[in-house]
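Below you'll find a set of structures to go through.
After this come two complexes, each holding subunit A, first together with subunit B and then together with subunit C.
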Partner chain A sequence: MSIRYFKRRRVRSALLLSAVLIIAMLPFRWIDANLWRTEEASGWTLLLAIIVLTLLALRKRVPTAPLGRVATWVQVHLYLGLGSAALALAHVGWKWPTGWLEGSLYLAYWGTFISGVAGLYLTRTIPKQLARTGEQVVYERIPRLRRLIADESQRSVVNAVAESGALTLANFYQSQLFPYLDAPRSWWYGLRPTSELRRKLLGELTSLNRYFSAAERTAAERLFALVRKKDDLDFHAAKQGVLKGWLFGHLCLTAVLVLLSLAHMVTVLAFRGGPG
Partner chain B sequence: MPTTQPILTRPQRWDEPFAADMSDELVQRLLGIEPFVRMNPADFPRSTPLAGILRNDARVVELRDGDLIVREGDYGSSAFLVLHGRVRIALESLAPDLLGRESPKRLSLWQALAPLWRKPKPPELRPSLSARDANGKVALRNEQAQPRVFLQDVPAVIGETRTAQLRAGELFGELSALARTPRSATVFADGAVTLLEIRWQGLRDLMKHTPALQSHIHSMYRQNSLRVHLRETPLLANLSAEQLSVVEKAVEFQSFGSFDWHHDLTKPNAPDFAQRISREPIVAEEGELPMGILLVRTGFGRVTERFGEGDRTRDYLAKGAAFGAAELACTTITGAPTPLRHTLRAVGQLDLLLIPALTFTQVIAPTLPRDDLHRLAAEAAPVKQSSTATPLADRTLDFLVDQRFINGVEAMVINLDRCTRCDDCVRACAATHDGNPRFVRDGMVHDQFQFAHACMHCADPVCLIGCPTGAIHREQTTGVVQINDRTCIGCGTCASSCPYTNIQMVEVRRRDGVIAIDSLTGQPIVKAAKCDLCNSHHSGPACQQACPHDALVRIDLTSPTSFANWSAR
Partner chain C sequence: MRNFFTNAGGEGYDRPHDPYECGHTESGEACRFGPTPSGKCEHHAECQPLRSGVTFKCNRPEKWGGPCEAGPSAEGACSRVKHCKPMRSLRSKRRRLVSSVALLLFGAGLLLLGSRWSREVIVPGPLTSVHAQILNRTATQERCATCHPAGNESALGWIKTALHTSPGPTQTDLCVKCHTNLTPAEFATNPHTVASEALPEKTRATLAAFTHSIGLGAPDEVACSRCHQEHQGAEFDLKAITNARCQACHAEQFGSFAHGHPEFTSWPRASTNSVAFDHSSHADQHFAQKQQKFDCRSCHTASSTGEMRTSVGYDAACASCHDAALKASMTGGLALWNAPMIDADALRTAGADPGRWPAAAEGDFDGEFPALMKLLLAAEPESAKAFDKLGYDLNLFDLDIDDPAALRATAILAQASTRLLTELAGDPSDLVRRRMSVVLGREVKSDEAAKLVALLTNAQPQAAAATWYDGKPSNISESATGWRIDSAAVALKYQPIGHADPVLQAWLDIVAALPAERTSLRDAALAELAGPKSIGQCATCHTQSMQNQQFVWRLPTPSERPRPFTHFAHAPHVMLPELADCAACHARAAVTTVSTAQAQSDFAPLQKSTCVNCHQPHAAGDQCTQCHNYHVGLPSGMR
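Let's look at the complex of A and B:
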């Protein structure tokens, strides 16, 4: 079978990036040899790279403009973003810069870089996890869907009580199931979703089964399905939330990075000495 | 004396006659005029008698001067017989604005960048709500509960355009009604006119039992389109003009299935998939000897293979595809008869051209290069029996055909393994349509692929049929199915016909942002809205442009190849 498109693209882009980095070293050596300041050349290039990386945000805001597909922009972004680390190291060297502005700028850069790499990992792994759940949900609809599940569960339990008069299921529902079905999960679950609580609740529901009346048993079956559904919703809320939160964080770090870069550029230009 | 009545199987379509007001008297009068007077009632079966067809599948339509009857490019499912008066047929194409259509204007770069600074508008804002076309050449008349678009001042509007007259007794629109192809010309009323409109089901029965009508329709097809179709068939690419004429003469026409395929998808009591496949009429059966090569003229065919207790899908065919060629190539080479490996079934209406086996072996096979003939024959060899015709999994083929996604020319498919659910596609769509997204990022999921609710600009656009004003139409150059907001009267016919629920009816707002109210009914004014493939933009569909992770595609599902390639990336 032929090598898949995405794999081929990854190899091609990685080779291209390496080639560009190697070629880019040559002028720096030449500049060095001619006793110019390498920092200046690497600084301008890095600034240009940061601007191009930031332009992705603008490109995304004008979907109708004939400026090429956003997917292409993201590809350039990924490799340029990775390559920019080499520029940053060339610009600063293997040390932490002195001065609070330069220190903060360097921190902002690596913060943005690391968040970018983390995002790359998240955007490549979370979709597959989301796709595995039975139902696919739109993030904004989750609260409404959660409400529907809670309402339906309540109806089945009330019906069971009305039909049989037994309260075993109702008590368990009120103390354990309803709080679970009715509310979103904690932020901690958002970071590390597990199926622990679902398994615990379903286990308890199963162990109560022998004490249920016939009507309660029918309702319990429905509750089983609803707990599963709610768990999938929570999972989607958590994972989709992480993706959204990450992108927002990456964007905020970018804003800080761009502001600090510009401040740094102004100070450097203002206090420039050197030849001439 | 027999005590029980013989059971007659009346066609189901007659449960809902075309018109409620066709009286017996009217039917009798019709039987006395051309062309029905020359038809022999004895030639019709008892389940579909000639009088029954006229009563249930036809209706009388009265029109006034200038009324548009069919528009060039429209899809229609009926033909018309002039009963009284005259109609005019335009021999040249009329300007789109005369037909109540508007070509989308391309946006400038400046306009495309506008979302950056423009204030968002209220949803579904329509600054101009008049049904009257801006140029005042066509207008809308609302009568007999059947709104009509008419030409305001025929001589001035038509100008130099050449036209021809059709008089009482003449039939038009039959070819496109039977083949579900776009109308080839515009026809309008020349003075007051009475027409008999016959829906395709009736027309097909009339044709089946009236050899004269059948040969008339087939000879029209032979004259107009057959040669073009044969020329475009790769298998016949090497034929000389004379050889092509031989093939042309030998071709036989075949028709299977029904245009109403989409009802199976939308009815609440739709049959399940196993039933669905067994209801698809068999055209040619696995294990039998091929009668010849079957070329798909219009519609879709499902290619199946027996498997366990049922049949599984191995491929599907759309216009231009051929069936049975491999087996005939094998026969040509080995001299031994080769039975068909697969069964061909009609998914919906399937019109075919049969090139007889003898014509293939004597005329076509000798023109094929040796390698091509052997490659073709290899497909029919028993060793290859279990290899799939396409690289898609059988269950994926089953899914695409069962759900009728094979009708989609620009279907929206999302790879959920790559989609980060960022909704940039929805936002991009909204930005392109004044803040109103024209699709829903939701829909059926098969493996990791989601088939979103976005107009697929179908090969068989059932939504176009029955639009009273022609507001929903197919753009001829691009194939995009679009809606002219000005002439859409909000009747909802298109939305309820779309088997994929990809058309929404939306309440529209006036310039001041208030919901517009119809002064006659006191109800909000609604319009049909759907994906227009961003045809006013240079860069193509915004959804696909905006997807950051290559997860969303607009793709042609009428053949399995594109999807197979895309999904294997």
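Let's look at the complex of A and C:
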């Protein structure tokens, strides 16, 4: 689908969200004027919104169920999530609740909301960054692919040694390249991926080129390609790891939010001022 | 070059939704079998060696590399056994983490609810300072239960209460339990906390339709929490309410004070519990004749809070002009017992024996029974019947001497009068207590009776009876107690001390409290004691309350006044230079006389436009509650 389509969809959804919010807020004035509590109305609406938002996780667990496209569910999740902030403000007002339960609940809500907004940013930027690497890989397959690269590099170097008897490339490989190709990167790289190490290793490999035999040069060319592959793989692991890690946090916050919301609902109903 | 990973990843089929995956996948040698969704993973040999004579041979399939070099063991066991290594999938790890967090939170919640901080955990916010300073004295566990029926329940009980309406007391019941002085319990949930009959019919109809529309059972079920929201902080205004909410039940609604609010027709309204004072005649006639300035502030002084006092009292405001006339009206005294002139011979001739009668009171029929004597005589049934025949406004001068029944009734009253004086000579206070209990239809207390007879002892009645009936001379004429024997009038009288005489007040209160079945007695007594020329002229200024017909002896203090629907604070208004002059708002109306029978203001109603000048949303505000109270009818001191 074209970028134009996505832009149009974004404008359309934003307008729809605004219209829904305005329509949802209008009854609050009527509710207030009729001696009902707007907090009750906004509270129930917000709880309903949270439940609908949570249903996305369940929908994804049953991909074959005839419940509409997951992409549609994600769109609903995004805009309903954004709109829930207006409901939360209508429910609580421009203040921070002072009670333990209510304060924790509000913290959980905004934690979930902010993590959701962060996720929105990550899911809109990381795929573009990953697409620039050319080849796409499944996150769960990355360890396997890393092993393949390590094995391939090892075979190339062993063949070169066997063919030429020179150990220049082998020594460099053992001391510098193998630890890089065989292992995943540090957690720090996961937070801020850079190609600095790749450039350093390739630079050193290039500088050794004049000492290599013909067989070693052939193997070195193969190693050049494998280092680039490993770097792409590390980039994928880091970026997809951020997405996976974000989801861990978002789901944990959602679980906390749902539990605290239910506790809040029970206490409010039990301690309300009565039916009248 | 960039297609290195295409189709790479090893054999097998990725199942990221499964809870377990093979732990060897990373090494590039994925498990061929398993793990199962439950995490079980069998050890699998690459072949099942076939017996070949006494030995075994490998039968590994060709696609897995054909027969291996090592071959089976002598016992026939495959030498290449794959040890499966189950490993949780990423999705499973995420699910476990989320479940762990949820369980941790749930457990922490249960721990807190079981601890002594259980109530602190669920408190949504601090109470207002007025409630906090009361509740902080109670134990933490009991604090919630003071206002919330579910306060003493367990967490499980809260869930039950949340799902089902508890049959026990409601939160409103608990509010009213403490605020007994604020609201009568029977009207606690009524709109404006008054009987529904007190509301206009149109409003009642609207209210019924409204309460039905929002799901309330009856129009008198407006819970306190509808308007009062607690736990909003120490400084929160519990009484704050929007104009829209104020108008929820009202039949006639309007946008703002400036637009749509009805014009004032009777504000300021004259108090029904007030002293009658004709501002116009005083200003235009009495003060003018004496060439004195009629200054509003000489009576309506400002209190320490800046509010206007209703009056400065009789001594400061009225005595200089009215005291002489008031005392002159008291010179005749208040007769407790007085013998009218009776023609005893005529009665006896007609067969109606009056019994013994003072010689000084024998002659042509003339005179009246005084009001106090009528009240005491009315306690005897036969005397009451006699009065019914003759009328309580009887003047014996008008007695029809040709009517035997009237003569018999007169004789009965004469006998009863003698009996009354005889009994007064015993214990006057007890006699009055007993007889007034009968007349009022309620038990009169001793201290109440003591006020009616003041310091009267039996000495005066005994001396009076001895003098009038037996002709014995008596040297008791007037005592320091205020009681005296008027031999010329054949009367036992009380001499009032002046304004605010307690005995006079006590008897007027008794008269005002007479039950409906004694209306004629009350009217006759009021005609004598509360008429324009009566002793003390009390009722000239002291009106009878519209609510209970009791005389208003003193102006109620602000804390004693019934809480009105509309209130006005003078303090912030009179600070303005243009409003410093009372006449800026209070223009005298063209009323010539002020009635004490019904509240009537001698001031023209204020114009709404006067208030609208300032009371706009952007200026002095136009909130309903700036001028109107929701809870009405009770004295503010009992709020």
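As a convention for this text, the second predicted complex is superposed on the first by the 268 of 276 C-alpha atoms of A that agree within 3 Å, B and C clash if a C-alpha of one lies under 4 Å from a C-alpha of the other, contacts with A are read in each partner's own complex, and residues count from 1 in each chain.
Operating definition for what follows: a residue touches a chain if its C-beta (ideal position, glycine included) is under 8 Å from a C-beta of that chain, and two chains touch if they have at least 3 such contacts.
These numbers were taken from a predicted model, which means no experiment stands behind them.
S.K.: Name the contact category of A:Thr123: first (subunit B only), second (subunit C only), both, or neither.
M.R.: Touch partner of A:Thr123: subunit B, not subunit C.
S.K.: Which chain makes contact with more of the residues of subunit A, subunit B or else subunit C?
M.R.: C
S.K.: Which of the two partners, first being subunit B and second being subunit C, lies in contact with A:Pro143: first, second, both, or neither?
M.R.: Second partner only, subunit C.
S.K.: Mind working out whether A:Tyr5 is in touch with subunit B, subunit C, both or neither, as first, second, both or neither?
M.R.: The first partner, subunit B, only.
S.K.: A:Val74 in the overlay: touching subunit B, subunit C, both, or neither? Say first, second, both or neither.
M.R.: Touch status of A:Val74: first partner only.
S.K.: Based on the superposed arrangement, let me know which partner A:Thr64 touches: subunit B (first), subunit C (second), both, or neither?
M.R.: In the superposed model, A:Thr64 contacts subunit B only, not subunit C.
S.K.: In the superposed arrangement, does A:Gly203 touch subunit B (first), subunit C (second), both or neither?
M.R.: After superposition on chain A, A:Gly203 lies in contact with neither partner.
S.K.: Should A:Leu247 be classified as contacting the first partner (subunit B), the second (subunit C), both, or neither?
M.R.: So A:Leu247 meets both subunit B and subunit C here.
S.K.: For A:Leu101 in the superposed arrangement: first (subunit B), second (subunit C), both or neither?
M.R.: Touch partner of A:Leu101: subunit C, not subunit B.
S.K.: Where on subunit A do the contacts with subunit B and the contacts with subunit C coincide?
M.R.: 61, 138-139, 244, 247
S.K.: Note which residues of subunit A are touching subunit B in the complex, please.
M.R.: Residues 4-6, 58, 60-67, 69-71, 73-74, 123, 126-128, 130-131, 136, 138-139, 240, 243-244, 247 of subunit A touch subunit B in their complex.
S.K.: Provide the residue numbers of subunit B that touch subunit A in the complex, in ascending order.
M.R.: It comes out as residues 107, 109, 112-113, 115-116, 416-424, 427-428, 431-432, 441-442, 445, 448, 450, 534, 537-539, 542, 544-551, 568-569.
S.K.: So in the complex, the part of subunit C that touches subunit A is made up of which residues?
M.R.: 1-6, 8-10, 14, 16-17, 21, 25-28, 30, 89-90, 94, 97-99, 101-102, 105-106, 109, 120-126, 144, 148, 150-151, 153, 157-159, 161-163, 165, 170-172, 189, 210, 213-214, 216, 221-227, 229, 231, 233, 242, 244-245, 247-249
S.K.: Which stretch or stretches of subunit A touch subunit C in the complex?
M.R.: The touching residues are 29, 32-37, 61, 97-102, 134-135, 137-141, 143-148, 151, 225, 228-229, 233, 244, 247-248, 251-252, 254-256, 259-260, 263, 265-276.
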